[in-house]
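Shared between the two complexes below is chain A, which pairs with chain B and chain C, respectively.
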Partner chain A sequence: MSKLYVARNPRVAARSLDGEMMIMSGRDSTLFTLNKTATILWQAADGATSLDEIVKLRICSEFDVEPAEALQDAENLARELASREILEVSEEPIPHRNPAGASR
Partner chain B sequence: MSGLLVELHAKALAKNVPFSVQIDLTYRCNERCVHCYLDHNDHGEMTTDEIKRVLAEMADAGVFVMTFSGGEIFLRKDFFEILEYARYELHFCVKLKTNAIMIREQEAARLREIGVESIQISIYSHRPEVHDAITLVSGSLKRSIAAAKFLKSQGLRVIFANVLMVHNMRDYRDVRALAEELGIECTIDPTVTPMMDGDRSVLALGVGNQGLHEVFRDQNLVGNVDEFCAIPDPADEDSLFALPCSAGHTSCYVSPYGDVYPCVQFPLPTGNVRKQRFIDIWRDSDKMKEVRAIRLKDLTTCTSCSHVGSCSRCPGLAYMEGNMRGPSSQDCEKSFARTGVPSANMLAKKRNAANLVQIRTMPSPAGAPAGALA
Partner chain C sequence: MWLWAYTVFARVQKGKHRSDFPLSHLVTEVAHLSLVIEIGGMPVRVNTFDPAFLELLERRYSGFVNDSGDAEIEFDVELTPPNPADRDADVEVKYRFGRWSLSRGDFRAEWEPSARRGWIRQSANPYAIDAVLRIVHTLVLARQGGFLLHSASAIRNGKAFLFAGVSEAGKTTISRVAPPDVTLLTDEISYVRKSADGYLAFGTPFTGELGKLGENVSAPISTLYLLAKGHENRIEPITPGEATRSLLANLLFFAEDEALIQATFHSAFDFVSRVPVAKLTFVPDARVWELIA
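Showing the complex of A and B:
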């Protein structure tokens, strides 16, 4: 399986409220909240770290889950967030367009 | 408000998080609206660096929705620098309030690129002679409408804000029609706000009871008129523990000079971000805590008013009238125009006025009938 890279879409608005990430779509102002796993993925999505590294370093260390299963779930989640224009997904590293890094 | 937004507001309230803030970037303006409550002279606006620092503090405090307003925001030469910082670096959901007359194709495209949630434009009438007579700038309606079209062509969300006054009372239906034709949302507000220095003379521009009565019976605005204008049910015990509004609870306002108020319409100084960290003002200001402690049961006159559970009472307008726990006469007038039932405040004023008038029969000169003036 080829590596996947994920990056936060700079057009969304985002803020953590008591550990829960609020996201407003830049496309149609739809408001979302991300669960804990999705929040970890969002915060780690710097465009340079591959999804399998994110899963290994950030998700498997946090949850008691098999790495292969976690990677599959993370990929599904990343693609779903990409379909809502919250994340960008690519098989190549994604150039840095968001200088501040993860949302506060 | 969507269910999720209500949920997030409730969470922000429970955690004492300022969910939304309005910053007026400047009080300078290129229009001179007859009803405006601001002093347009620059008394020392925050610099670009100061604003960026304050924005970063606000992001750290948890602020999600950031409204940039004024004055006219596009008069600041660093406006786009501030906006880019707020969006790209701090990821705020940004809303703009503007007269839009400085927005052309290029600015509209840049706003689209940076990403803003909405742009609210003040439109007073569909007729230039009425709109321009309110802004006191010839050609302003034409330029604002052109800007609205540029913004719409970029796919941005545009909202017309139509403040109703005696000048434009007859035009709101046509403003709404114009908005609909352009695919733009439209809000109608019959509230004229006193000047921030307390001068209430501008209130004479309001539509008055007759105007409110008419507006509140327009089903295109209020939906079910019978329901909207129904005599209110008595407030139950729970509603007396309700919060008056979000001011100071999940939202606040910052002036171009760094003063923090509970709301733009509630000029109670609670601190200044040039001297203190934003979060320290938000959490620890005695004034902010005082505002936060007020429940409907604590209001002086309103607690006994039949409208208490349904009134739009603005604590800021009440503060400007002299008592943040007191009634807001403008909202009393709205409740009366809506239902025909005078508020407790109106009845008390009537009693007090009656007590001031003392009519005594003059002793009549001999032969003249009692009470004759001649």
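Showing the complex of A and C:
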């Protein structure tokens, strides 16, 4: 399996409140709320760290889960969020861009 | 799926060019065909050459017509023949080349913020211009940290209270049963403006089923209540996340504009960090007001 890289879409607005990440699409105003693990993925999605590294370093180290299962679920989530233009997914590192809607 | 989850909440009648027309008559005529509607402290001048339409506006915005003459924005209204256009059609609000373009089934409008001018093309009805005003106010407020909220609001003892909720949640009911010492700001759409110390609520002419215009006054917002009808009157705390989601769900915003959407999103968080938000379950009678002071 080739490596996947994920990056937060700078065109969304995001805020964390009491550990709950809320994200609003600048395209259609849809509001998303991420749970704890999805929030970890979102916060680690810097475009430079591969998805398997994120899962290994940030997920498997904290949760009792099989790495392969966690990676598959993480990839499914990343692609779902990418389809909603919340995340960007690429097989190459994603260059850093100005985070106009960066999370706070 | 293991552990991973996300939730989607998700002008011009052509002037009569008559050299023998007395100037004083002209001045009088122009003055009668323009009025300033001031909502939330923002005066908007509306120009029309149709006396009947002007009278319609004066009645519609009674209490919100400012005679001082100064305006921050000016619109020329061109009246078109009546048509059965759909007022329930989707609103389109887009910003291109320095101009906002607003349209719905029953109107088209443009507004150029830098020039502080615009035009509205509609038939002689109050609904289209009402929609234009709401949209323009949301656009202006978004840049200032404020917003329009789908909620009733009222002032009691110098403090403003907001009552948010979807249709049938009780906005009109709680407004209707308010005791005499309560000043009603609106039973449908609240006007929220950021201030140095917090947030202010202003009265609006935007009415719901009550059909009564709000008083054109303002006060600091004390509490935002999320309404629910029930079998007893009680106030319950809610989490900041639930408060923010509910606030966002009740915001009025129309523009397809990423920067303003993001600004409004952050304004909601700021509001929740400064203004208490609680759930208000109530029996639909006046006793609920014993909890609100």
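Following the convention adopted for this analysis, the second predicted complex is superposed on the first by the 99 of 104 C-alpha atoms of A that agree within 3 Å, B and C clash if a C-alpha of one lies under 4 Å from a C-alpha of the other, contacts with A are read in each partner's own complex, and residues count from 1 in each chain.
Going forward, a contact is a pair of C-beta atoms (placed from the backbone, for glycine too) under 8 Å apart; a residue touches a chain by one contact, two chains touch by 3 or more.
The structure presented is a predicted model; accordingly, all values stated were derived computationally and were not measured.
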{"item": "Fit or clash - chain C, chain B, common chain A", "value": "clash"}
{"item": "Chain B versus chain C as contact partner of A:T49, first or second or both or neither", "value": "neither"}
{"item": "First, second, both or neither for A:S90, with chain B first and chain C second", "value": "neither"}
{"item": "Chain B versus chain C as contact partner of A:R11, first or second or both or neither", "value": "both"}
{"item": "Which superposed partner A:M24 touches (first chain B, second chain C, both, neither)", "value": "both"}
{"item": "Which partner reaches more residues of chain A (counting touched residues only), chain B or chain C", "value": "C"}
{"item": "Touching partner for A:N35 - first (chain B), second (chain C), both, neither", "value": "second"}
{"item": "Chain C-contacting residues of chain A that also contact chain B", "value": "11-13, 15, 17-18, 20, 22, 24, 26, 29, 31-33, 100, 104"}
{"item": "Complex contact set, residues of chain B against chain A", "value": "2, 4-5, 8, 11-12, 15, 17, 19, 59-60, 62-64, 87-94, 115, 117-118, 157"}
{"item": "Residues of chain C defined as touching chain A within the complex", "value": "1-10, 239-241, 244-245, 248-249, 253, 258-259, 261-262, 265-266, 269, 272"}
{"item": "Chain A residues touching chain B - in the complex, by the definition given at the top", "value": "10-18, 20, 22, 24, 26, 29, 31-33, 98-100, 103-104"}
{"item": "Contact footprint of chain C on chain A as seen in their complex", "value": "11-13, 15, 17-18, 20, 22, 24-27, 29-38, 41, 63, 65, 69-70, 73-74, 76-77, 80-81, 84, 100-101, 104"}
